[in-house]
Each structure stands twice: as C-alpha cells, then as structure tokens.
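Shared between the two complexes below is chain A, which pairs with chain B and chain C, respectively.
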Partner chain A sequence: MNALALYGRYVATSLRAQAQYPTATLMLTAGHCAATAIEILCVFALFHRFGSVGGWTFGEAAVFYALVNIMFSLADMLSRGFEVFGADFVRTGAFDRVLLRPRAAALQLAGHEVRLSRLGRLLQASVVLIFATNLVPIAWDASTIAIAVWAVAGGVALFMGLLVLQATLAFWTVDSLEIMNVLTYGGVQAAQYPLNIYAAWFRQVLTFGLPLACVAYYPVLAILGRPDPLGAPDWFLPLAPIAGFAFLALSFVAWRAGMARYSSTGS
Partner chain B sequence: MPQILVEALAKTYRVAERAPGLAGALSGLVRRRWRAVHALADISFSLEAGELLAFIGPNGAGKSTTVKILSGILRPTSGRVEVGGLVPYEDRVRHVARIGVVFGQRSQLWWDLPVIDGFDLLADIYRVEAERYRRRRDELVAMLRLEPLLDQPVRQLSLGQRMRAEFAAALLHDPAILFLDEPTIGLDAPSKLAVRDFVRRLNREQGVTVLLTTHDMHDVEALAERVIVIGQGRLLTDGPFESLRASVLAERRLHIDFADAAPEVEMPGVTVRARSARSLELAFDPAKIPTPKLIAAITAEHAVDDIHVEEPAIEEVIARFYDLHDAGEA
Partner chain C sequence: MPVRPYLAAFRARFQLMLQYRAAALAGFATQLWWGAIRILVFAAFYGVNAAAAPISFTDAVTYVWLGQALLALQPWSADPEIGQAVRTGGVGYDRLRPLDAHGYWYARSMGWMLARALPRAVLMVLAAGIVLPLVGLGAWAWRPPSGVTAALLFVPAFVLLTMLGAAILTLANVIVAASLNERGVNAILTPLVIVFSGSLLPLDFYPDAWRPFLHVQPFAGLVDIPFRIYFADLKGSAALRGLALQAGWTLALIGLGRLAMERVMRRLEMQGG
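Moving on, here comes the complex of A and B:
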C-alpha cells in the first residue's frame, strides 16, 4: 500500500476511534466553532468602531480572516501528531513504537490523530468566507478560485511546517514547547489582518522569516484584484504561496536532524 | 554467517549534571556539565537462525539499550551490528519490516479500536499481501485463542488478553526474528504459561529466532537453552543455563523428614541449612559426595518418612552470580 493510501487508512482509523465517543466529539466541534467565532466578532467590533483600518473594509478583512483560519484548521487537523509529539511521543517513549514500523515516521505522525473537532473552526471560517464574499465584490472565476485553493494549500504547508518545527524542538527539549504557540496561534492572529497595517520590520518578518504574508496577504490582493499598497509587483501576488511549501521543506530538513539526534541519544 | 552479529558494541550517553534545587536548575540552563554514562561497554555475541536466547541482568545493566540498538531505534557509539545482513540503524525501514517486537510495558495496538481493526491496519503498514495476511492472521488467532476478543476495543482487554493480541500484532508480517522485552511482566500465572508455551512453539515449530529480556527466571528456565547475563554494560557469561548453574552454585539440597527427632549429621561436604524438630535440609556438593551415597548413608542409620533432592532456585543462582560479579543494580 503506498504512502498516500496508507495515510487515508490512518485517517479512517482515527475517525472511527473518535466515533466511539460521538457526544464528546460533537460537543468539542461545537465548542471549537463557538470559541473561534468570538474572534470574528472582535474583528467586526474593531471595524464597526473605526469604519476602516489601513484602507481596508470589514468585508476585505473578513476574507483574510476566513482564509487564514481555513488554512490553520486544516493544518491543525492534519498534523496533530507533530503538535503533541514531545509530550505524547518522546516523553512517553511511544516514538519507539513509531520507529519500529517500516514507514516514514512523519507519515505515521501526520496520521496519528485527525481531530474532527477542528472541523468547528473550518466550518466557522467557511461561513465567514461566504459572508465576506457578499460584502466585497469578488469575481469568483476559474483564476480567482485557483488562487484561493493555491493559497490555502501553501498556507496549510506553512502551518504544518510550524508544527513540524515545534515537534523537532522536542527532540532537544523532550516536552512540547508552549513557546511555539506564539508562532502558530500568534501567526494566525497576525495573518488575519492585512500586512500594510504593521510596522516595516514586522512586515519583513511576515514575508521573509515566517512567510505568512505570502500565503495570505499577497494572494488575497490578487483575489480582490487590488494592487499592493506597499508596491509588490502584480506578478508576484499569485506566486507568493510557494513560500509555504519552501518553509515546509526546510522544516523537514530540521526534522531529519532531530531524528538523527534521537537515534544517538534515545531521548 | 550468523543471523545476528554483535561485535564490540558500546553505547555512551551524555547526561546533564545538575546541582539540586532551583538554583541548580537555573544554573544548568546557562552552563551545563555533562557526564558520560557507559550503558554498554563492550558486548559481543552472535545468534544463529532458530536460536532462543534469554538476555538477563539487573535493572540498568544495558538490556533495553541492546534491544533498542538491535531493533534499529538507537545508534551505538561504537561497534558493529548486523541483523540478517542489514545494519539496523542504517537501514531502519527495511530492517524493521523483517523483525517483530513485543514490549511487555508498551502497547503496539490502537487503544480505541477493536483488535481486528488494528490487525488490518498493521497488515497495510507492513505491506502484507491480502491472502497471506488472512492466512497468517487466522493461524495466529487460532494459536493464541483470540477469536472471542477480535471485536473488542483494546482498552477493554485484560492485560493477559492484551499480551496475546500484542503477540499476534508483532507476528502478522511473519518476521524471522522476534525481540521480546519483558513479555511476561505483570501477567498472572496462567497467562505467563500461555505466553511461554506460545513462544516455545513459535521457536520450535516455525523456526523463529527469539531474543528475550526478562527478570522472570521462570521464563528463562522454561524457554532458553542459552543465556547471556550482562551487568553494568558488560557481558558476564554466555552459554547454557546449566553450565552457569554449575559454575556458580553447584550445590544440591536434600530435604529429609525423619520418623523420630532429627539427628545431628556430620559428613564431609555436607552442611545443615535448616532444621526443625523432625526434618532437616542439607546442602551438599554432588561432585564430592554423590546423591545416592548420601541418601544411602542417612537411610542406613535413621528411620526416614520422606526424602527429596532439589536444586537451588534459579533466582538464587542468578543472585549469587550477580554477587560474584559485583553486578548489582548500579
């Protein structure tokens, strides 16, 4: 069975395990939906008070919000094994069991647990996207849809990369580092707003360091058909999400170094 | 060419030293001092296909480290390891596809899934072809009497039931080599017997090479023709258990119930280990005084109700062996 088919089997297995506790899963999903819905209300309150922020309307900001949250919820759903890697695998020794199976460790971790409750955030963000589409004039045609899907793919890769990095650190620190949440959850918060409202140094970080702007800000400009107020060339906007895949690739380079360390220290 | 070859294996861990207390913890963050811990110093042995070897030693002796290196999880500091022509830690994926591992303390199965679903998933993970998988699974289910458990979630199984399922899970891909790390730990007596019986059959009937670590000396007695004892990272002895026993504690014990009060016994090479009003326990060296001769000498002089000979318990032999080699827990 090839890796992709096996991954599908892992996902099905995980869903079946969660179906053992249907009430808990349903309530977690609803809770997740409600908890994240508070955030968009905060964004709305902000725009309601000030009318527009940095030249953006609420509808446009809602597009950023929706796409970023769709990316994050998908990545979060697909890389749970990396998120809990330190506490649930390294510290407990369960990682040995992963290594005893003749498959890539990363594949097994990605398939470890696909949490249905994350559908809560996904659902909420999708509703916001539909809502936002009605507020701003987006011409949904083949090219804008393609850019949106491409941006979401790049964003999922980027957030997965972050979670892989978080897991990689656990090879050195054993426990999962809460400090990485500054980057993951903080990143979600930061990328929810258009880039040009931030200070220059922070814009650099979000473009070249942790390239969240490349998977959210630039492709959304392309979808809205607006030129970048900061002056990035038009051809760059739809291309930018590739940075998410580059980030994921680099994360896996670090991951391999971590694996090598684990095999020589065993902890 | 042996199936498992281990030469001059050494493993040194670096452990951070830390002064006690909060101040120590904080200074440890800034500047760490490392201490080398030699988990394995110099281990060499080899194993032919179809052998059954028990690996014993006190806690911290290096048993688990050895098993981890052999199963490809850990990379040794120096030395050479080959299992079936592969270097386990260089070629992990190919290597682990050919071995089975059972940890007594850790489950390989999916807690919330019925046993059978876990088996199905493992067959896909190990790329076992459908028809072969079905045959192998049915065979293992019959041998381990798993039929009534297949539909139950793993979390609902007793420890004994779960261990039987673990054995099947480790063998679905038909490995030629099986590593067992304390497979009987915590099991009740019937479950221990079932596990030993199964391992013996697997080894004798299917020719599976078995390497077993254990603290349960009855596992060793029931299963292993060959025993390796390690202590403080070194190999102390390698051979049949009987020769270990002979070299360490050759003495036998004679229990005698007398018809009347227990007499004084004074013979060369014989000592009294315990006495009560009408019975004696003697220790003697059969090389100095053969058992029939001793029994004849006693029954000639005294009226005896019952008499039987015993060897020292295996635990006693091993404890004595550790003492002799100063190999107690580090």
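Moving on, here comes the complex of A and C:
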C-alpha cells in the first residue's frame, strides 16, 4: 500500500470511529463553531465603532479573517498527532510502537486522529466568507479562486509546520509545550486582521519570522484586487504562499534532527 | 453554620492547584502574548480615530492587562473534577459529608479559581506594571487604580467578581452533575462568558444600541463593571450601581444554584462501581 492510500485508510478509520457517536460529534462541532465564531464579533464591533482602519472596511477585513480561520481549521484537523505528540507519544513511550512499524513516523502521526469537530471553525469561517463576498465586490473567477485555494494550501502547510515544530520540541522536553499555542492560536489571532494596521516591527515578525503575511495578507490583497498599501510589488502577491511550504520543509528538517536524538522514556 | 469545613475545602483545593507551577508559567507567557496582540489591535484602531472610543487608550491597555491577569477567575469552564467524580461515582463521598452540598462545591470552586489566578496575577503585575515602564514601554503599561476612591471601590468589586464567578461555576458544576459530562456545558458557557463579561472586548465597544441589555446582564459583573471601577470610568453613584448589580446577580445565581443542586441531588444516580 502506498503512503497516500495508507493515509486515506487512517482518515477513514478515524472518521468511522466518530460516526459511531453522531450526536456527540455534531455537538462538539457546534461547540467548536460557537467558541471560535465569537472573534468575528470582536472584528465587527471594532470596525463598527472606529470606521475604516488602514484603508479597510469590515467586509474586506472579514475576508482576511475567513481565510486564516479556514487554513487553521484544516491544519488543526490534520495534525492532531503532532499536537499531542509530547504528552501522548513521547512521555508515554507510545512513540516506540510507532517507530517499530515499517512506515514513516510523520505519516502515522498525521493520520493519528482526524477530528471532525475542528470543522466547526471551518464552518463559521465559510459563513463569514459568504457574508464578506456580499459586502465587498470580489470577482470570484478562475484566477481568484485559484489564488484562494493556493493561499489556503500554503496556510495549511504553515500551520502544520508549526505543529510539527511543537512536536519536535517534545524530543527535548518530553512533554507537549503549550507555550507553542502562542504561535498557533496567537498567529491566527494576529492574522485575522489585515497586517498593515500593525506597528512595523510586528509586521516584520509576521513576514520574516513566522510568514503568516505570505499566506494570509498578500494573497488576500490579490483576491481583493488591491495594491499593497505598503508597496510590495503586484507580481509578488499571488506567489507569497510558497513561504508556507518552505516553512513546512524547514520544520521537517528540524523534525529529522529531533528523531535522530530520540531516546525512549522506556515506560 | 460552622465555617471551618468550607474553609478547609477551599484551602485544600487552593494548595493543590498552587503545585502546578509549570502550568502557571506557561499560562502566564501565553496570556502576556495574548494581551500584547490585543493591545496591538487596539493601538491600530485608536491610531485612526481615538475620539470614537468609549474609553482612553491608557484605560483600554489597563483593561487588557487586568483581564489577562484575572483570566482564571472567569467561570468559562466547569470544574473538571466534578464531572469525573460524577462519572466514577466519587460524588457519593460528597453526598455523605455532613455539609451543605452547594456550600461545599462553592468553596471548592473558589479555591480552584483563586489558586490559578493569583500566581498569574502577581507575575502579570511584575511584567506589565513594572517591567514594561522600565524598558520604556510606559504607554503599554498596566496602570495603578485611578485614585484612592477607585482603589477602595475596587476591593469590594474584586470580592464580588470572585463570588459571582464562583456562583456561575457552581451552577455549571450542578448542570455537569445532571448531564454527566462537562463538554456540553463548556461549549455553551465559554462563548457566553467571553463575550458578555467583556473579556473579548469592553462592553461599551459594541454598538450603542446593545448597551441597555449589556449593562444589566449577569456576566457584566465579572469583568466590565469591576474593571471600569478600577480606572474610575464608573464612579460615584454609577460605581455603587455597578456593585449592587454584581451583588444582586451573585445572590440570584447562588439561589438558583441551590435550587438546581437540590433537584439534581434528589434524583442523582450513582455511576461507576
């Protein structure tokens, strides 16, 4: 069985398990949807009170919000194994069992538990995107849709990269570090506003440190057909999401270094 | 009514929760960063149109830090140990104690909340109140209360916010006992508390038309009212009205909690074995 088919099998098993408890799954999804949807209320209230900021209206800001949340929900759903890697695999010694199987550890972790409830965030973000499309003129044609899909792919790669890094740290710390939530959830929090409203040092952190600007800010500018108020050239905007894949690749380099020094907790 | 057993329940839980130092440090770092992002967002909006804001930027910054420092006092998730005790049958021991069931859970909840909140609050005062001004970020710092009156009024406001939080949490715990699982309760409670307490955004930032409702609902007493008393946005009779609202809702919710407790405990079935 090739890797992709095996991964498909993992996903199918995980989904079948959740389908055994349909009500619980639905309620968890609804709960996740409500818990994450309150942030749009904050964005709405701020724009309602202050008017436009950084040249953006609420409708345009909502496009940034929607795309970042769609990216994160997909990454969150597909990388659970990495998220709980420290607590559930390294600390318990369960990672030894993973290593014994003749398959890549990363593949097994990616298929560890695909939680449908994480689609709650995707659901509310999609609703926001539909509303935003009604508020601002977006020409949804082949090219803008392609940019959106490409941006989401880059964003999923970036957030997965962050979760892989979080897991990699567990090789040294032997437990999951919640401190990484600062980058994952904090990153979503920061990137759901158009980045040009922030102070310059923070924009640079979000462009060159953790390249959230490349997967969220620049491609959305291209979708909205707006030039960058900060002067990035137009040709760069749709290309930027490639930074997300670069980040994921670098994360896996770190992951390999961590694997090389793994020693079992032996319990 | 003897107070000692309730104090003991409070102290036992308080001391247990203080053992989790690494969790407190991680929580603190997360909250520091969270506060910083909130302030960056505020700075952007205030930079454009500060006149439209209901409070000054300095007060908004203080509001954010105060909120991050006292985050663990917010009753946004039921006590996980209650759900476990109900599922395993451990709740039977609680029923055997010659204590008032609601009072016992109330004291435990308060110990749980305060023990998680206090270490983080101290660290937050150090970081946002002392370190930030020292490194030249005074505009971003957590300010002391605006005047002696505000400080004196904040003391009862703080006590009431803790009592109100514990009242809501105990009510949530009773519902957990009835439904055997804390997930459903938390799914509803968390967004309600975060939005309506003013944790997400000070309540006056929402559209003006919502104010008559926002200012009288119970959750306002958790964040919005006490914090505005702290920086003297609510003063004089408005501050007293705020305290009265906190006290009124606290009593009402304790009463509701007692009623619910009685009903749930009368038909509680033991789980586990």
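Rule of thumb we're sticking to: the second predicted complex is superposed on the first by the 262 of 267 C-alpha atoms of A that agree within 3 Å, B and C clash if a C-alpha of one lies under 4 Å from a C-alpha of the other, contacts with A are read in each partner's own complex, and residues count from 1 in each chain.
Keep this in mind: a contact is a pair of C-beta atoms (placed from the backbone, for glycine too) under 8 Å apart; a residue touches a chain by one contact, two chains touch by 3 or more.
If you're wondering where the values come from, they're calculated on a predicted model, not measured in any experiment.
Once both complexes are superposed on chain A, the partners chain B and chain C fit side by side without clashing. Taking Cα centres throughout, chain A sits at the apex of an angle toward chain B and chain C that amounts to 90 degrees, reported as a multiple of 10.
More chain A residues lie in contact with C than with the other chain of the pair chain B and chain C.
Residue contacts after overlaying the shared chain place A:Ala35 against chain C, while chain B stays out of touching range. In the superposition on chain A, A:Arg49 contacts chain C only, with no contact to chain B.
Looking at the shared chain after the overlay, A:Arg9 reaches chain B, while chain C stays out of its contact range. Using the contact criterion defined above for the overlaid structures, shared-chain residue A:Ile197 touches chain C, although it does not reach chain B.
Shared-chain residue A:Arg97: touches chain B; no touch with chain C.
Once chain A of one complex is fitted onto chain A of the other, the partner contacts of A:Gln20 are limited to chain B, with no touch recorded for chain C.
Superposition on the common chain places the nearest Cα atoms of chain B and chain C 10 Å from each other. When both complexes are aligned on chain A by C-alpha atoms, no chain A residue touches chain B in the first and chain C in the second.
Residues of chain A touching chain C in their complex: 27-28, 30-32, 34-35, 37-39, 41-42, 45-46, 48-54, 177-179, 181-182, 186, 189-190, 193, 197-199, 202. Across the complex, chain A meets chain B through its residues 1, 5-6, 9-10, 13, 16-17, 20, 93-94, 96-97, 99-104, 263-266. By the touch criterion stated above, chain B contacts chain A in their complex at residues 13-14, 65, 68, 71-75, 89, 92-94, 96-97, 101, 103, 106, 108, 110-113, 117, 121, 124-127, 153.
For chain C in complex with chain A, the residues that touch the partner chain are 23, 26-27, 29-30, 33-34, 37, 40-41, 43-46, 48-49, 52-54, 183-184, 186-188, 190-191, 194-195, 200-201, 205-207.
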